[in-house]
Amino acid sequence: MGIVEGKESIERCGGNGMVFEKIHLRMEYVSPEGLRLDGRRPMEMRQIRAEIGAVSKADGSAIFEMGNTKVIAAVYGPREVQNRSQISNHALVRCEYSMANFSTGDRMRKSKGDRRSTEISLVIRQTMEASILTHLLPRSQIDIYVQVLQADGGTRSACINAATLALADAGIPMRDLVTSCSAGYLNSTPLLDLNYVEDSAGGPDVTLGILPKLDKVTLLQMDSKLPIDILENVMQLAIEGCKAIANYIREILLENTKQLEYRRGV
Amino acid sequence: MGLPNAFEDLSSELEVDAFRRLFPLRYFERHLAESIRTDGRPLGKARETSIFLGAVASANGSALVKIGSTTMLTAIKMEVMTPSLESPDEGCLAIDFFMPPICSPIVRPGRPAEASPVVSKQLSDTISSSKMIDLKELSLVSGKAAWMAYLDIYCLDADGALFDAALLSAVAALSHLQIPAVAMNDDGKIVLVSDEDGRKQAQEPVNKEKRKLTLRSIPFSLTCILHKNYILADPTAEEESIVETHVTIVLDTSGQLISLYKPGGPVLAYTSAIQDCVALTRQRVKELKSFLDKENPDMEV
Amino acid sequence: MWHASAPRTSGMVGLSLGEKHFIQGGIAHDLRCDGRKRLTYRRISVETGVIPHANGSAQVRIGGTDVIASIKAELGKPSLLQPDKGKVSIYIDCSSTAEPAFEGRGGNELAAELSIALQRCLLGGKSGAGAGIDLSSLIVVEGKICWDLYIDGLVVSSDGNLLDALGAAIKAALCNTGIPRVQVAAGTSNDEQPEVDVSDEEFLQFDTSGVPVIVTLTKVGRHYIVDATSEEESQMSSAVSISVNRQGHICGMTKRGGVGLDPSIILDMISVAQHVSAQLINKLDSEIASAEAEEET
Amino acid sequence: MAGKGGATPATYSPSPTTDKQKPALFKEDWVRPDGRGFHQCRPAFFRTGAVNAASGSAYAEFGNTKVIVSVFGPRESKKAMMYSDIGRLNCNVSFTTFATPVRGQGSDHNEYSAMLHKALEGGIILESFPKTTVDVFALVLESSGSDLPVVISCASLALADAGIMMYDLVASVSVSSFSKNLVIDPVLEEENCQDGSLMITCMPSRYEITQLTVTGEWSSPKINEGMQLCLDACAKLAKIMRSCLKEAASDSKE
């Protein structure tokens, strides 16, 4: 069923859809054997790896890798509010996202604060703000800096995961660990955790952020046409991904805490 | 209001310099009452003016002009361009006026002075409307190549009457301008011809010898400030900051009015006042023309 | 942009008078806060090939300082002045993760200073003499095609001694760099741009033996130290960065502000730098070799 | 007319037809483009008080390199909000559009601005003007080699003219190296093909170096030689600068 509907939705797109369909037909994102371009199964996530404490001077920091995507997050705060006019009863959360010159395939010199970075900064800030207990930290400021070292699809998700870890490392009170994962729909197959090639195929790409314990969705971004019942499937897949990441993050944090305890000799 | 009395009392005790800083308008008016200006000039007299041509060795034409301490350095560099379709046998003259941070305490790096684009625009308007230069003279090969003259004026020291000094230096640099001898090579590019190898070259020189532009009528200007009934020619920066009514008059050598510029100001310029200004400008034009002729003896106008 | 006298080590280093005395006193007694001697480095670790899609890359950690250098090679045209040489450019970026003050444009000033200092220390004179990288090895067809090396550095975490760390990272990244072999199509006439075939299997390695290392000597009180932490840097009276190659020749030098120095002190600093650099080069070489071996397995 | 500037087509400056051969440098019998000896500086000309609007200013001319520096202040600083018990120094170097042989954009030179700042900060007694800023703005009217050393020397003279407290005048000289030869105070043609360069900024009476940069490969004896050459030239330069200041002072007394 899904196959037919997928085709139809593409054809309805008109001119652009035709081009897309050509690429679509030429490129086979899922082989008949059910393997993706990088050898994964549709429901398989890329290898994830996290490390806490990458930036010595920050109050909290973490590296998060999803396959070839690698981001680093540093949290400074809670600290004194820099701009006095912004003092309020809640903690002020700020976020800056930037990409290294060498993070993508073609070398580019990008200035900080272009549109895309501003947008992603905002998304990360809003997502993290939703989980931080800002009312416990009045008259203070928390800065989250995210730096993309390598971009290979799913940078948004990787940034959110890294920021969560960094916030936890900084000891900032949160409702829950926000985790994020993306899922897409190509060749009539829902795919978990798209890489760059799959991401740039132009198909639907759902980025989801959840509070796993509370089982609540805090972030949902999708910018393509997708029938509602398929969206449900894809979302479900992304939620599974988020939960898997949440488990991993929890493990990493536990391990880190154990190390700390050990070092203190408790 | 007890205020005037208050500083009446103060003024007797203050040192001259402090009084000048604290009550600039009063200081200024006291001088005017004696028909003399704060720098000792009579009201209608312009400051000492000097012109020095060829100040920038690497440019095709250049001039350094001083009016009092206001200093302007102008250089013209000639480059080759493809003329536009509408005017295939005309060159182009681009005028820019810069106020680098060295010239005044008000200008800071990275924040260009307000005055500089205004003066730039006024200058190019004045020079184009004076019909001083025939742009056809800047043509090289019709439709293919023409001169683009970049005239850049730098204000090195800003002490009032910026437009007058800038215009004078622009005009002086144009009178000093020498168009280099060039030829067109096989690729359709214009190249310089130096004296020795000019004959050896097979190419036909497009511009056979170094030449000067014919300047048809030269515009000169004078800025006056109007305060109450007084007319003061060639104001300093201090005077400009006290008085808000400025009148700039541009006349050419034949006494024709080219432009008149009075940007706002509380004092309405009556016709009689304007006529007085024009009379002052007329005198000044004669003076400036003789200065320029002295520097440029072979210039025919 | 204009250059203002903002304190280089920014607000994060807020030291009390006691702490300042402690640092200065420690240096005077040849026992620094972290137990090092004046001319001892912190632990240096090198990891190569950290950026898979670059031609070469390396990450260098010296204590709390963490920098990444990546090298991309693109085909370009040699400059008219030097038709027999390739071009190299160095850009450094300071990530705001390293220091909140680097947010927005805040890091640009330091980034520009580091970029210029690295260019001066690694790229040699205008004619290309004394460059750490043999620029003529980058040429493909003289006057027509050459390799342009784009060296990008990123400061991820900063705890002093950024310039030396970046220099080391660039050196390691150069060792890690493979330039694709280029086949030039024969038979093109002189005027045309020759066609080239870039191999994606065969890579050529650089001769990196001439790449100098940078040693920054920070003067605190009457003594100078290597590899200063940011706390120690905040107490500097002046600093000199000296780049030295394997032969012990100076390949570039910059005094990085501060008070004036007697010429004899500078000469002494040069000889100290020459001495220290020999050890540093050996240390880096072995680190790079083991990092490369690690990557291959 | 000028108004058509909106869609200005790309322009170029015509170059001579005969391809200039690369200047025959490094040869045994090589003479410098302006006929100077290797260790001979260009005649230096200084004048203070070039800009009346500034608190202090100086004009310097070394051959065809011409520079004006204005000093403003000490004045209130708009940028620095924080209290500071020492003064702030602010430097900016810019070029005119006609400074270089090919018409430029007349933009600020950030590298030189930073270098000027570092060269001067060691010489100025910043404690003498707390909470305020001294602005040092330089404009290179014509560039013809050794621009930065000229700017630095000229700036220190302008600071003296403004009455800013300094430990000593700061003089600066650079040398270029061509294989074995060292050439002092290089001109633009020499700088464009030098193997290496060494610039020293020093306070001659205190015998202290405030700024030093080296590019290219240098052996220790050569560095020694270059430094000594620069230091000697700096001492001579400072004498000329001092006499210029004395002259200005005696003029104003009359």
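Residue numbering begins at 1 within each chain, and the chains themselves are lettered A, B, C and D in the order written.
Here, a contact is a pair of C-beta atoms (placed from the backbone, for glycine too) under 8 Å apart; a residue touches a chain by one contact, two chains touch by 3 or more.
For reference, the UniProt names are A = Exosome complex component RRP41 homolog; B = Ribosomal RNA-processing protein 43; C = Ribosomal RNA-processing protein 42; D = Exosome complex component RRP41-like.
Because the structure is a prediction, the values reported are computed rather than measured.
Path length between subunit A and subunit C in the chain contact graph, taken as the least number of steps between touching chains: 1. When chain centres are set by their Cα atoms, the one at the greatest distance from subunit D is A.
Centre-to-centre spacing of subunit A and subunit B amounts to 61 Å, using the average Cα coordinate of each chain.
Note: centroid distance subunit A to subunit D, computed from Cα atoms, is 51 Å. In terms of their C-alpha centroids, the spacing between subunit B and subunit C amounts to 50 Å.
Distance from the subunit B centre to the subunit D centre is 29 Å, each centre being the mean of its Cα atoms.
For subunit B, residues that reach two or more other chains under the stated contact definition are 108-110. With touch defined as above, residues shared between interfaces to two or more other chains in subunit C number as follows: 1-2. Residues 12, 50-54, 57, 63-64, 66, 68, 70, 72, 74, 91, 93, 95-100, 103-105, 150, 152, 154, 156-159, 230 of subunit C are the ones touching subunit A in the complex.
Those residues of subunit D that touch subunit C in the complex are listed here as 79-80, 88-92, 108, 110-111, 113-114, 116-118, 121-123, 167, 177, 191-197, 202-203, 206-220, 223-224, 227, 231. Residues 56-59, 62, 69, 71, 73, 75, 77-82, 84, 92-96, 98, 100-105, 108-110, 124, 127-128, 135, 148, 150, 152, 154, 156-159, 180, 182-183, 185, 189-194, 197, 201, 203, 237 of subunit B are the ones touching subunit D in the complex. Touching subunit D in their complex are the following residues of subunit C: 1-5, 81, 109, 112-113, 116, 120, 123-127, 129-130, 238, 240, 245, 248-263, 266-267, 270-271, 274. Remark: subunit D residues 1-5, 7-18, 50-54, 57, 64, 68-70, 72, 75, 92, 94, 96-98, 101, 103, 106, 108, 135, 137-139, 141-142 touch subunit B in the complex.
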